[in-house]
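These are the structures in question, set out in turn.
Two complexes come next, and they have one chain in common, chain A, joined by chain B in the first and chain C in the second.
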Partner chain A sequence: MSSTLLFRKQLFQLPPALRKSLFSTASTITNPEIYDVVCIGGGPAGLSLASALRSNASTKRLRIALVDSQGLNGGKSRDDAALYSNRCSSLTPASVKFLKECGVWEKVEKQRVQNYHGMEVWDGVSGSSISFDPLDATSGGGLLDAVGELVPGNRFTASRRKYEMGDANMVATMCENQNLTNALLEHLRTLGDVDTFDRTKVDSIQLGPEPVDEKSLNLSQWPIASLPNSRHLAARLLIGADGANSPVRNFAGITSEGWDYNQHGVVATLRLDRTFNPEDLRTAYQRFLPSGPIALLPLPNNKASLVWSITAPLAAKLKALSPQDLASMVNAAFRLKIADLDYFLKHLETIDVADELSWRLPNTSPTATGLPSSLPTVTAVQEGSTASFPLRMRHASTYTGHRVALIGDAAHTIHPLAGQGLNLGLADANSLAQRVTYGMEHGMDIGSAWCLDGYNGDRWAKNNAVMGVCDKLQKVYSVGSGPVVWARSLGLGLVNRLGPLKGTIMGAAGSA
Partner chain B sequence: MASLQLQRLLALPCSVRALTLQRALAASKLQSPTLRPYSTTTQYPLDTTPPPNNSSTTPSPNNSSVNQTEVSHFNALASSWWDPHGSSRLLHLMNPLRHDFVQRCKATEGQQDSRKLKYLDIGCGGGIFAESAARRAHTLSVTAIDPTPEVIAVARKHQRLDPLLLEPGRLEYKQIPLEHLPVPEEGYDIITVFEVLEHIRQPSAFLHSCLPYLKPGGWLIGSTITRTNLSWFTTKLVAEDLLRIVPRGTHDWSQYIKPNELFQWAKVQEELEVRQDGVGWEVMGVVYVPGIGWREVQGSEEWGNYFFGVRRKVDST
Partner chain C sequence: MSRPTLHRLLHLPSSLRTFSVLSRPTPNYPSHVPLTPLERASLAITSAFGSLLNPHRHDLIAALGEATASPYFISRLHRAMLANPTGRRILRERPRITSKTMRLEELREYPENSVGRAYAEWLDREGVTPDTRDGVRYIDNEEEAYVMQRYRETHDFTHAITGLPVIIEGELAVKAFEFANTLLPMTALSLVAFVRLKKAERARFWSVYLPWAVRNGLKAEEVVNVYWEEELGTDVGVLRGRLGIEVPPDLRGIRKREREERKRERGVREAEGRAAERNGEATG
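So, the complex of A and B:
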């Protein structure tokens, strides 16, 4: 081992041209390095797949390569413990269970994650609400559970049955993406034996060469990822964990259908007027506005994470606000009547937001807007934490091809109103790791349809159901007035009674 | 003499036999096995001298246990052997259960030793089981034999698609019938005869000819279909004639064997450890459910497809 290291050091002292020629003799397109799994993309989905494979007795001897264009040393967690990243995810109990099984969860910085135990969702136009109160044991299954799984802060039948035994009444866990990524990277480093090519962009993916003669190895159906420095990695199974514009998906000729919402998600880290202790029960809040849902998700102490879906021009205006004005706008969006809020948004550049809020708020009845009494007031926005990203919906026509599997955003991009994107990616990784394990235990070629069909069958329909429901929720709640609003307020009001029927329709989502 | 002739017949791959039967049925519409116009047994000269070497060279036509007419018909089947939606789909889907059953047999031995296993797959066809056995972590080597050149060619061609299978000693195909395979000094841990017995008139003689190749304590494992009215209905009428998910003429129902008949045979073999109380004998009934796949169903060995395993005595010589 040390001799190879020494060898590599010597290699790097060579002039680049000579070094390149040395490498190209070691690995050429006609004589590539052979891997069992080549994972393109080192985000949470790709990293958790690698972790799951390396943690399992049947798959830990697989030869795995991980390629990412970014650095994979792990970002430094912030020096100031009071500052939080604006990129957070609401991990479902199923996701946390999977991370625990892989041994990743214990490496997550626990003082920076926040469980929450309830969810207040209300309609900005009609004021009707549903409350996902975990202490209310009488809530039936059905739509409540199905919707509950879709909105961040869910508690759905399956999770209640399977997972709540351990941590009673926990519905989801807020975790910074960087915190999770760091834990995954640290875990992979501990396990070792994953050949990592970071800061490396894949030059090309192509099928292997035709065999030289009738007796020799035939890699003509194997994908070969060519990296700079003339490294060529032949993949028994090529994993596309490479995001929404997945090169692996393009290589496999898999189409991805969808549309843009003409909306952006504005994210920020908020400071609240109340400080919570770790043992306090926490609640997430989501108000459906005609311009898109706004959500406040709890972080430790007096912090919370904002996700505000809104049209692209308004998102740009919100981002341009001073942190203090944005804090006032968030309060306005949660607390004021729609007409007042429309006025704010229309005259954002000209009005004094804090001043307008200070006289309108006392004149707004909380019962008229359906405001939950427990909603904390936002006192500040963390400096530099405001950002926005376009909202899209994309779904690949299939997740698998010959020697190819897609996971995470490469397979699906989802409206963040449900906060399910990362959870779906982790569920993909879990399912695919299980299929590969089964394949290894039964002598399958893990790149063959016999092994991969089960993954596609397991995940595609479930993800499609979740994405469909999120998309429909988005459309239904984008309507500002008229029959749709009456219907949806009725819907929210009667949701428990409709439960069994809707639960059947949405059963696929409930078990995802 | 008769048993040697039988052995040659039994060493044929099932698909070859199936095609013979198919032609026979199409020509004569006769179903009685005694009246079959051509049976595989009568086609071949009773040449008792083995060929000069046991290597994988193609036997001369005189020595060949394969009818040339069958071979030409068989080519079409061979090309679709590895097609996920081809005529071998049901065998591919059954393959994981074969490994589950092998493991179940090994698990009855009590203490698990970690030694890797040597497999002999008789009638390997295109290599569906042989390849998968060779990939498993607990496998030392797989020897897979089939007398038909075409299927061995398909198997070898497919083997070249996977560098793992090309590792020396991991998987070796031999184009020979069983009686041309030398009995090795140490024997095999596992001998498999999957989907072979239902095409054989006297399976007991064939199974007996496998026993010398077993290591003491090794397992002879196979799968077949039991002989009941229901199995005639499902395998002949539904699978072959109505749904056509199995090539027509694949099966001869009168040659099906019941698990109890196998058990009675195994008990009296002195090489085998099989006892009246079930020690050394394993059986598992499986059912194919369209849209779901093969599933183990307790007791279904009495009316459908089943796996069986018999163990050789540990101290037998």
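So, the complex of A and C:
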């Protein structure tokens, strides 16, 4: 949005009462139902917020409504347990801790969830790599750690222990989005007392009508969501958990700035060449290519989830490939030199991918490309699991307004390269729930700025930092040659050798 | 310092150490000789001086080429081959040019103005044969070693389609063209032989052949990507057009004309001298 448009918009921003009387077109609001919290959006962020509020003693008597345009009766259990959805998320230990505290985690299907303990991240152009080894923390680290231990008052071991929560040295947990949503819905049903309006699209959100006289109810400062069947929900606190194009955010007049990456994220479920047992240590792999990073995230047994960020026309070409060819392309993207991969992508329609790959693999030196020796080979792609979504970065200028709060994708959209999107949303829900609890315990009006500003202060800066880092990483790693490559390889190599620094980064990433 | 710390200090990552010359790593291909960085640097310097002092030492020139090509330049050339469909086919099929695979008798039978005939005619005119070139020894990656070998073996083809002779002047022109086209450092280092040219040759090189070489080398397609074995029947003009190479002025022709000019002038001067002597005798 250009700055002149913004200026004009702010110039013509009328006071709410005047705006409402000039612009309101909907039918007059009669008999609004009064709720303490109306959460628009039934995704993981909205559901976890409702769960958290219902689980907590101070807030469990709040009257909560949940509105979603899709059905909220939970997805059907998979016919074939071996099939996995292509929409999976990596949950950090902090997110898992939050879900455990709400009581949601025990309802998640554990055999469809995969903890992973190591990460191998390497630069496709130079081969420099950083590896988070599960045995790092237990072995006591390298020479610099020994030197660091000598410094009095150091907190190096403590910072490394930050990410050693629960399962020994677990980095994160891979969980299908549907699995998580089902668990959240089941938990909400168990707790009860949340009015759900599913398959309901919100017609409009407006401020309430002026009171007819001095003594009648004054809802003129309350947002009222109008549903199709002439029901009106008046909200003491309206939560926008309704995704990237949030109507709640539009209602509150909050702008969202950012840019589109010229990339799509291609996702698929892959089958690997070897099967892992539940007690095995698993590793996630990510290679940074100039066209975008490709990541292989482990799922139970011999499955894995693919997230490949690539330019939009190439994403279309990849989706059009046969499953066998796509499996070969994924192997190529992890193993071959960039020059080879560029040739493959340019001539995708004319070459025999498997044949070219079998010729190039023996002629590609793994040490030159930085290939980790433990990377499994992809043997197949699950039928129908290939999809793509456009990648962009958006951040709302603020998360709160009068009686409005934004969580999840309504507040921020991020590049998937660090797997932080859902985790930031859950952390938002956690923070807002804590803030509402605090408000209730101290007799505040939970929709007032007095209560909500704490949420904004807690989350906005942290989210901005994480999004900023992810964006800069994406920009630094999209360069194909030159001094930037040299500098980033040097930096990555240094961080790889500095155990305490690595531990601090992992701690920061894991606690969101 | 405690024992565990000392232990960790001694086990630095292997990338900081190179191998010992007493136990070289196993070769990646039959003629491979792995070198430490110090060995590679001293080979480059000594072979540079050696080949400048004695340009007939083709083994030193080859060694100079290999020592200076790693790590970046030969990789760049390799990447250029990988980016081209014909280059990839060459890397896959690994054709070799030797006096056995390129028989002069067969090449002479090719149609007029074809690449094969031009190559045979050039070999006959210069009095050379497609001898087996020195095998590559000092490049670590096996495929990059083949790229270097291919470049060496197709050097004569570049001479043939441009018509430049094997004398120093012609070689320098071809080397300048190859530097602009392949970026191998050895081709640029060979231009130091400029000092061995005579004054007239230097002037000609500077004003005619160097601009030609730079202009065409940069503008042309990568010559290393040409599958010469398949192009033997192609018309030379067509191939040059496809690659984007202009024909340089005929060097042997120019030199012959200059020689004749000088001979004629010398003849005139001698005649004048004899006439002056006779006049001197007559008057004296």
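By definition in this document, the second predicted complex is superposed on the first by the 439 of 512 C-alpha atoms of A that agree within 3 Å, B and C clash if a C-alpha of one lies under 4 Å from a C-alpha of the other, contacts with A are read in each partner's own complex, and residues count from 1 in each chain.
The definition used in the following text is that a residue touches a chain if its C-beta (ideal position, glycine included) is under 8 Å from a C-beta of that chain, and two chains touch if they have at least 3 such contacts.
Please read these numbers as outputs of a predicted model, since none were measured by experiment.
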Which of chain B and chain C A:Asp471 touches, first, second, both or neither: neither
Touched partner set for A:Asn363, first chain B, second chain C, both or neither: second
Touching partner for A:Ser216 - first (chain B), second (chain C), both, neither: first
Chain B versus chain C as contact partner of A:Asp458, first or second or both or neither: neither
Which partner reaches more residues of chain A (counting touched residues only), chain B or chain C: B
Contacts of A:Tyr343 with chain B and chain C, given as first, second, both or neither: second
In the complex with chain A, residue positions of chain C that touch it: 2, 4-5, 8-9, 78-79, 82-83, 85, 88, 91-92, 141-143
Chain A - residues contacting chain C, complex: 142-143, 146-147, 337, 339-340, 342-343, 347, 359, 363, 365, 368
Parts of chain B lying in touch with chain A, wherever the complex brings them together: 84, 92, 95-96, 99-100, 131-137, 139, 160-163, 166
Chain B partner contacts - residues on chain A that touch it in the complex: 34, 58, 61, 211, 215-219, 221, 236, 438, 440-445, 448-450
